[in-house]
């Protein structure tokens, strides 16, 4: 079940993955399986069969902080005085350097540069103000850690027969709760009876594939305990400077899978609203609206509906493109993008096209695509980007290139249009984006609601530690 | 250039691939590189650098006749009394058994079961009525072979500085001719000067990525010679029972990439026409039209335009699904399809949906998809298939399951609707399909035009050899 | 140079290997390369080029305590408050369980079950009685660790520009010191100038291959500091219950390479003496003395010289035997050993043979070898083992099977002769072994000299911790 | 059983291997398994289980003629008009170029450059003077081939339920016949009953491991038929210029395994005689005789016995040496051999050593070994080579370097001694070698007996075809 769930989260990380399961109350050790690469390569039937127990945590990773090595695979398992502890998290500790220093000065060696080990070692030692005559008080230890590390993480911690699910008090990274629906196969044999259960996940898109349904977001600062007795909120750690949550708006723009639910709305719907908003902000007289497959399609449909222009496909994707070969001449290199896409020439000939993409990062692909469409006969190609220009690095878990590599730091919209050979190019405004993603949402306390737009505005939630300021 | 072209043809075969190049006139030996798997795994920079010469042939294979072994990779190279000969073909020799017998009885051993070796050994020996005082007369040898083997093949034969491109006299498999556009980089260095050249390919979709443009189809029975002097038709082998060509209609329905051109029309356009025709044949009162990504989308747009119903996306594809794991219970197994697709719940809730797919083969996936949509709140799900029921095996190069596995041989449309849980299900008619694919085409002699619909009707072009009749 | 040295130590472990190098004084981080398998597979030119610096440590491992996983590869590197620390050791901590408990209760999580991590975490924290105003006092920390962990280890610890070489106070595992001879290539270029340097190694057999020569053993309890300034003894930690050292006698019997020097004598010479002693203890009237290649040859030569019987080869080894295949019948299975050895029939026919082996563990191979010799015509086959019966497990770094698997715990010499089909079988006595290995030695304080014979006698040096007693 | 036999022949080729088995009389197809690399990597249990039938042939290959590719693996299987035919051979066709031309001109394409395919295609076509009304007459076809191809080959040909074993009429390559001894396990189950059977093999060393015993050599020119009815000689093809056989003397010197029998004598005994003869030809006053392990040991024992000098080991081999790493300085490179061997210093110090090796090819290793021994204290090192200088290439199946690479073509014995730093160096004479290998032999017609010494004398049996003369 965990493995199926990870497959649905594969888009969040393709570098390594792992699962740790527990046999429950008396479990001194866990079953562990981790590896580099894609889930389908790491987990075969034998590996899955060896993962024993009724509860467990899994992780799929793409590297932000530490290097891509097997030692950095999550979940991270440490042996503590109270038995094994397993930890998996999404995000990046903004103040990891000061946390490291603290742990090292306590006389603890760290064997990796990963945040996971740092979190683990932080939780290993009971803080002075926590008394533990009846065994380890994990909620208190977690609360202590949360006060030291304000953001950014969604975190699961497993010990014996309990899993703690934690979201930082900014709510920066997503985390939601699902219910595994009890299922009685009737006359079928025992292994088909599925008991009721609970699950947390970065995104809800995996719930369906394991027979679970979306219940709600984990609240910012909330510590949930999952056990055989169901789930309960054991604490909500609020931040002193409390204003509003700072949920990563880039999840809506690009990162999350379109069928996931955040704040009660489908990501696809938010993207469609971005397209509508874009049509209102930057309208055009053209023959058709289209998108670069497979990104930007929801926004393109939104743009088409709002503008009244027809949607039509103009590019066909080669499903089998692997890595790039040598291309002996510049000429062939310029044709490189044609390896990835084919133009649907008869849809394009003589047409004025609005081409929607979800975002522009380095700006390398859009130029060749425009050339491809013009070669196929398009008379005009206008680019509309369903998000604002990306200008600032992220220190909270999204792997955005350095400032120098971000094209928006080198060229404004007009210059970029020129550079890529577009007839025009426009971005969605920051305000437009925030408005669009709020359009359909529900289930969320509107007072608390708020977004981290640091990569677009440079306003980092809580400010940046000195070591990171640029 | 050949390698880039093969990448564009990767959808035609993912089992093995190879390239053979020639150093030209005095070339006793070829450069050869072949391997199992995908092109991007077989060809790295070093392998490409070792392929010397100014002309060459490449192939990407999926197995029909012979087993999946490296020895069966194409192009097939044989050393003859006149130097090396390389052969690559698409298709399957319908009368291969009698051809084998003939070659073996001539005292030649065959080391594989592949059609390629059979063609090669057939061409190695000059037929009695061919006199060759000035060296091998390849056009005459090829014509002789074509009279013995009526179908099905598109074939390239390379010897020293010449390539012969051949299409069987039924025109069953596709083959088209392209022109490599001369390109002068001006001030750039010499390797950027691209001379004019010629290329043949099963599909035109690769032309763009190598700087070539579509010229025309190779005619049924035509033997084209490509050399440093350009191309010329050296022969057209007509069949005695001449009526019309028998081009594989399944290329339009499913096999070809949508941006390829056949008979002067884009495959995408033909598929869109199929959707329009389907809307005329099987109209519905519904809220939206959609497709199973990424097949059926062109037809869905056609259905939407003809019917006036809106097109909307209802499914989101997981790009990262690999092979299947063990799923301990039936319950999870039933949820399996949810690993591959996510429902866009808010687009589906309370909606009556027309779901278009391009074809139904075994009928295994459509049921779970319907369930997924109903679970997400769809009130009605109607299936429309943009091709007729698939009922007969293909002996001409398309790997269609046995009759027993084809769901259309077990259930009619009504029974199948019931079986997969659809509110209704309808196929496109054979006449409708033939009409649709002819709608936009051009450049083709209308007298000759005709299709092989054997997999739909059981009418095999030229009849079946006894050994294959069922 | 380290890599060449490890190749010479490959016989001590083939499971994994690693090298860590340091850039010296200001080195916050090390260069690390580790991997599973043989050294020649782990270290290619690129890997070696990336290892920067003028000092370093290397390790080659076979698993005793922790599982065979990349995470357990040595050297083990931890990041401490004072920068990176690297540790490699040979041996096994007899009281690792109590050491683990202590570390865990200090609030440190352990991420592996390896002794290396345990040693590292022990050294990370300055003991209370060690004051460190000028930075970490490694000798004091190491001394503290040595008082807590009496045996068994030879250990190297690297920090910035220093390496500490440590041998436990029993001298249980070997460790010797060598001097890298300065070498001036005269007119040759600069990289051929080799400066004087120092090296420590478990065995001296690697010295020659790196241009070093054997200097002396590291003394029991000695802490040596190696740096740019040469080497110096910074401490000698004696044990309270001091009697004599307890050097592993199994190194002489089986484990070490025959050209290594221990206690001033060549291992080969000690083995030859064992053969001589064996001839004195268990003489025979026979036609020739031989050995199972390639073990037992030194002892066989010793036996031959002492007895006056000729030495002759009787078996030829197949250098290419890999793993075992299925053998459909018992008959073929019995012939299995013949896959590994061939009998030199004409040397054997009609002969009475004394066959020497160095030790008997499970006793599986000797029976089939005897049968092979009898089939080839030997009239008598007498087995002489150049060591006493192996009866007890080792907890100090040698991977000896469990008591149940040791054949000497099931059958006495007479029964074993019967079981394997020998005409007679005799072991060397424990006293004989101890006498033999002392015969040629020099350079060692005779008062201190002594051996661990636990695997032969069950007398464990220092007694066994409760958790290990059986 | 075949697989076990191949393991014993692994020293004859480590590049690729294969097995083909037949289901017998009605067998249209064979079971085939081939692969690159060592037998233990190619054949796992599953592969062996798939090889069905009661007769079969196997091969292990090192490349002489054709390149190292899977397509050149033997046995080679072709499909003929009479069903499948499998061929495996040892040796090299001296006149392969003219044979190729003949086959190609018959209109047959050849897909490899291997001799195996050439032999196969030669046998596929019945010669004009062979009438075959009752099916293929393989003995006649083989005889025809043998008259066209005088040497060099030992060959097995399998068709349906028969295997033909063939040795060229010079008897150049070895081939011997063994009998599988019937074995009745009594009460054991049926699969332990082993029926009587027959086997041919290049060397007899594999017989013991499959429960067979050496019967006799296959005679030069003999064609043996093996079937369910036992074995029978169906033909002996004599050569017109008949004088004596020309058995490869290098098999005795170096190539064969020492426990194999040729001409009724053990290879080990022949090598021991070479050592004795060498002692007679080139005696010395010295302290001990030794060898480079593991070559030259038999000869060293012979030299010791004849001279009365003691034999002692002076070098210890590192069993784990893999490929070579970068060695940054010349100094370390010179120490390279010390990676492979360790000197047994205490055996060497102050000693005058006679070091025996079986042969010298490029002469690269002996110099560093001498240096190693001198560094370890040897006062004199004299080299004695138990074979004459190697001066000419072999075109008959032994992969000897080109003339330029053979050190004996550049330096005479005295110069070579100087070059490698020996106190003296002597070879065995050609006459001495021939005398030595004849000393113990039996079972062979003395009239016919004779050797190919081409690599030593340049006298090629039958002369060389023009294309090969140098």
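Each chain gets a letter, A, B, C and D, in the order it is written, and its residues are counted from 1.
Throughout what follows, a contact is a pair of C-beta atoms (placed from the backbone, for glycine too) under 8 Å apart; a residue touches a chain by one contact, two chains touch by 3 or more.
Since the structure is predicted, the reported quantities are computational estimates derived from the model, not experimental observations.
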Label-sorted list of chains bordering both subunit A and subunit C is none
Give the label of the chain whose average Cα location is farthest from that of subunit D.
A
Quick one: report the Å distance separating subunit B from subunit C, using the average Cα coordinate of each chain.
63
Distance-wise, how many Å sit between the C-alpha centres of subunit A and subunit B, to the nearest whole number?
38
Go ahead and note the Å separation of the Cα centroids belonging to subunit B and subunit D.
50
Subunit A residues touching 2+ other chains are none
On the basis of the stated criterion, which chains touch which? Give every pair.
A-B, A-C, B-D, C-D
Within their complex, subunit A touches subunit B through residues 1, 3-4, 7-8, 10-11, 14, 38-41, 43-45, 48-49, 183, 185, 188, 191-192, 194, 205, 208-211, 257-261, 265-266, 268-269, 294, 297-298, 301, 311-313, 316-323, 325-332, 335-336, 338-339, 342-347, 372, 375, 440
Would you tell me which residues of subunit C are touching subunit A in their complex?
70-71, 76-81, 85, 100-101, 104-111, 113, 117, 120-121, 123-126
